[in-house]
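One chain, chain A, appears in both complexes that follow, with chain B as partner in the first and chain C in the second.
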Partner chain A sequence: MNDIKISASGVDVFYGDTHAIKNVSVEIEGNTVTAFIGPSGCGKSTFLRCLNRMNDTIDIARVTGSILLDGEDIYDAKVDPVQLRAKVGMVFQKPNPFPKSIYDNIAYGPRIHGLARNKAELDEIVEKSLRRGAIWEEVKDRLDQPGTGLSGGQQQRLCIARAIATEPEVLLMDEPCSALDPIATAQVEELIDELRQQYSVVIVTHSMQQAARVSQKTAFFHLGDLVEYGETGHIFTNPEDSRTESYITGRIG
Partner chain B sequence: MNEAHIASAFDRDLEALQATLMKMGGMVETAILESARSLEDRDIELAEQVRKADKAIDALEEQVNEEAARVIALRAPTAGDLRTVLTVIKISANLERCGDYAKNLAKRTLILAETPDVDGTSASVRRMSREVQLMLNDALDAYIQRDEKLAQQVILRDEDVDQMYTALFRELLTHMMEDPRNITACMHLHFIGKNIERMGDHVTSIAEQVVYLVTGSMPDDTRPKQDRTAYVAEGL
Partner chain C sequence: MSDITANSASGAPRKGSLLVQDGRTQRRNAAERRFQIYGMIAVSVAVLALIFLLTSIVRNGIGAFSQTFITLDVVLAEDKLDKTGNRDRDEMAKVSTFGYAPLITAAIEDRIAAEGIEIEGLSKPVDLISKQAAADLRDFVLANTDRVGETVEFQFLASGRIDGYYKGRVTMASAELDSNVTPQQLMLADALKDTGALERTFNWGFITSPDASENRPEASGLGVAILGSLYMMIVVLVLALPIGVAASIYLEEFAPKNRLTDLIEVNISNLAAVPSIVFGILGLAIFINFAGLPQSAPIVGGLVLTLMTLPTIIIATRASLKSVPPSIREAALGVGASKMQTVFHHVLPLAAPGILTGTIIGLAQALGETAPLLLIGMVAFVREYPGAPPEGFFDPASALPVQIYNWTTRSDPAFVERASGAIIVLLVFLLLMNLIAIILRRRFERRW
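Up next is the complex of A and B:
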């Protein structure tokens, strides 16, 4: 059992009149990959976005309940969402590199957060991040070229490298492999497993097999409820709730 | 979990797999009954038929394993579906062993047919095999119905088979002590009895697989052991 990294309790999310998340409580462990699964519209992405306050950017979204990161309420008035997002990084469904050079894509975060004192330190951060993103060997000779010129799989690994450049403690991934081919998917999954040594990773995925492959804990969401949360091996062999079973076995549930 | 899969071909695959298993089960039941009947009636023709039919049972086991491997590779079954595939593989192995024992009984019938029955022991053998066949029938019903309760009852009934075996053991021992000319026949009959007792264990294992299929965990091993032959001393 690892330490609890994020502790959410009694979280509700409303988009205007829509009740998107209903009284969800969950404890995300450190050094663990946690998968959120569930049919489209079940609230898994919404809940993921609560964990680094991405829902703040949506005017009609309202979040209640408490979400603690290392025991501190991330929705407290004195928390700066920008600082929070440096600690809780995010990778999106479609690779979205900045229209800048590969180097600047990685250097951007460390620069605005003042993580490097000089060019040498920044170079070091860029190399380290690209290495950890498992893309260094492919781009080291063309760091000045635009990130948008890379292949889809490379772009996604660039985005992961960018997300870890600020040394986050938690990495949120929303369908990170849905636009990737099987080889690039395998590389990203391998990377996720390596990242677990240092971070907590929370991944939203529609691929049940991906959830089974990469995660240690799985949470199943359905119609805004957290139906079941437990050890991945258990969820995929003997789920407690019939709704979980219907979903993972591909039945109409 | 009775709902249909969204991919109906997945349902067809799982149904076909279980249908093959049931076909195999039916053939094994027949083999158990007919081998015992061939012994009691000294029916060499029937014994020969049972012996030959075992090839078809073996072929079905292979077919079950191939189909199961295919479902695993192509459908990546999880939860109840996964347990269905896993239990089908295990149960087919249990059935195949039962088929082998029935074949062995038929082979011994070919030898025993040359000698007169040792005082009704063939009838004891038939009663014992009848009990095992009924247990197997219920175990397979429990599988198809996903009936955990029935499976648990089958597990408990193995005790009766064990008791029948112990009784037969004592009976055979008495006959051998009475007249050494009975020894050859009694040795064969003893192996037959032991094999039927082993069939009961395989049927119990099938019933345990049903419990696993339905509940996700194996039953607790609390059933009493009634095979007392290890404690039977000479001069009983």
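Up next is the complex of A and C:
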């Protein structure tokens, strides 16, 4: 049993008048891959974005309830979301490298957080991150070329490498493979499994096979409710709620 | 949409050869062809209008870039210019242009005699030379006091009528009716041309000289106007770019969306539509009457044009900030960049080409703006060059479009050519600015 990394209780999210997340409580463990599944519009991405306060950037979004990271309330008035996001990294649905060189893509986070004292240390961080992102071998000879010139799968791995360059403790992934082909998807999934050794990974996915392959824990969302949360094997073989069963057998969604 | 309904109404799947177009397809293709023809007509009309405009301006204005000069040997008589003989500049400055006129008269009469030119009924051959000539000669002597007593070869401007004769404006027939020139003087000009004393060369004076009075069109130039416009553009660039960009970034990226910011937004758009002459009245009331800044000064013109340019820059900047994909903002925020780091490290560099284009468009607009400048006194007749910046910003100056306006109101037909020439200069400046914009844009884009 791993430690509890993130503990959310009674979380409600409103977009204007829309009640997007209804009283969700969930505990996310360290060194675990947790998958959020559910039909489109069920709120899984919204909930994911609560975990590093990306919803702050949307004017009409309002979050209530408490989300604790290592026992500290991340919605406390004293918390600066900038510091939080350095600890809780995020990878987005569409690969979104900065239109800069591959090197600068990775080095940007460490630079603004002051993680490297000199060029040599920065070089080291860039290489380490790219290696952990399983893309070093492909790009090591062209670090000065624009990151936007890579293929879709490479771009997504670059974005993952960028996210881990700031040494986060939790990595949030919002459908990271939805724009990738099966080969690139397999590479990213393999990577996610390796990242579990050091990080707590939360992944939103539309593919139930992917959730079954990569995650240890699965949460099923439906219309803003957290319907069921438990061991991945348990959810997929022996769901307790009828809605979960309908979804994973393909009858709703 | 209608295609779908028509199809489902008929119910049955369509049968027929693909090689034969049915009526619906024919009508659709005809509509497409018609639309393309309309488009081509519209483009041709625009291109023809542009070509017509450009050719008429160039045809009228190209003459302003060449000018007729008469080269004569002038005896700088010491007893006339420096009676004391000690070459004291201040003392020599007391001799007015009237003191120089006889020297020029003597020079041209000597030349006529030397060449043996005889024209019956020729009177006042000195009228061939511009009234500006005495002043030019005086400037030369005061700058080179040691040349007094020598005979120097000096290039004089020919008078406007003589210049017009070689540009086709003046003919023997029109000279008969003209009190400023006689046919005999034109014959003399032809004779001098044969001897090589009279020639037409490129006219640098048109670009560097200050304006000249109504009856000396040949001496008028754009020097003061170009300098004034340049100073104003500097003021506009230095004020409008930072203010406009800062305002846009705040409104677009930081400001909360509420009634107040909505109101500000609407008013910025309204400001862009305010007639420029209103800005002139505003400038007159605020900058000159209230703040006490001098009239006709580039600083005031620059401030007024800044007010005019701001909305253009703000609108262009906001549009280019908006066009930066939100995924870039999310990416930066996702790795823990603050709002400001996100904007300055990622959004602004991507928006820079658009901002630059907007700024240059705004500047180009300001460069060609006339109405507000008329109200703040830049329409004045200014012969003194403004000083070097920063003091020069407060000296009286003219501006290119105002100079054009000024010349078009003068009666001498020589000014038609001058005004068109000034338009060419203005257009060249606009083209240069666009070129700079393109080069800068390329540069910025290559970095990304």
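FYI, the second predicted complex is superposed on the first by the 252 of 253 C-alpha atoms of A that agree within 3 Å, B and C clash if a C-alpha of one lies under 4 Å from a C-alpha of the other, contacts with A are read in each partner's own complex, and residues count from 1 in each chain.
Basically, a residue touches a chain if its C-beta (ideal position, glycine included) is under 8 Å from a C-beta of that chain, and two chains touch if they have at least 3 such contacts.
What you see is a predicted model; the values in this text were computed from it and never measured.
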| item | value |
| --- | --- |
| Superposition on chain A - do chain B and chain C clash or fit | fit |
| After the two structures are overlaid on chain A, angle v-u-w for chain B, chain A, chain C in degrees (C-alpha centres, nearest 10) | 140 |
| Touching partner for A:A212 - first (chain B), second (chain C), both, neither | first |
| Which of chain B and chain C A:P176 touches, first, second, both or neither | neither |
| Touching partner for A:V82 - first (chain B), second (chain C), both, neither | second |
| Partner chain(s) touched by A:G43 [first = chain B, second = chain C, both, neither] | neither |
| Superposition-derived comparison: chain B or chain C, residues of chain A touched | C |
| Chain B and chain C, minimum CA distance [Å, superposed model] | 27 |
| Chain B-facing residues of chain A, complex | 208-209, 212, 236-239, 242, 244-246, 248-253 |
| Sites on chain A touched by chain C in the complex | 52, 54, 57, 59, 82-83, 85-86, 89-92, 94, 96-100, 108-109, 112-113, 146, 159, 162-163, 165-166 |
| Residues of chain B touching chain A in the complex | 1, 3-7, 10, 76-83, 216-217 |
| Residues of chain C defined as touching chain A within the complex | 256-257, 325, 327-338, 341, 345-346, 350, 448 |
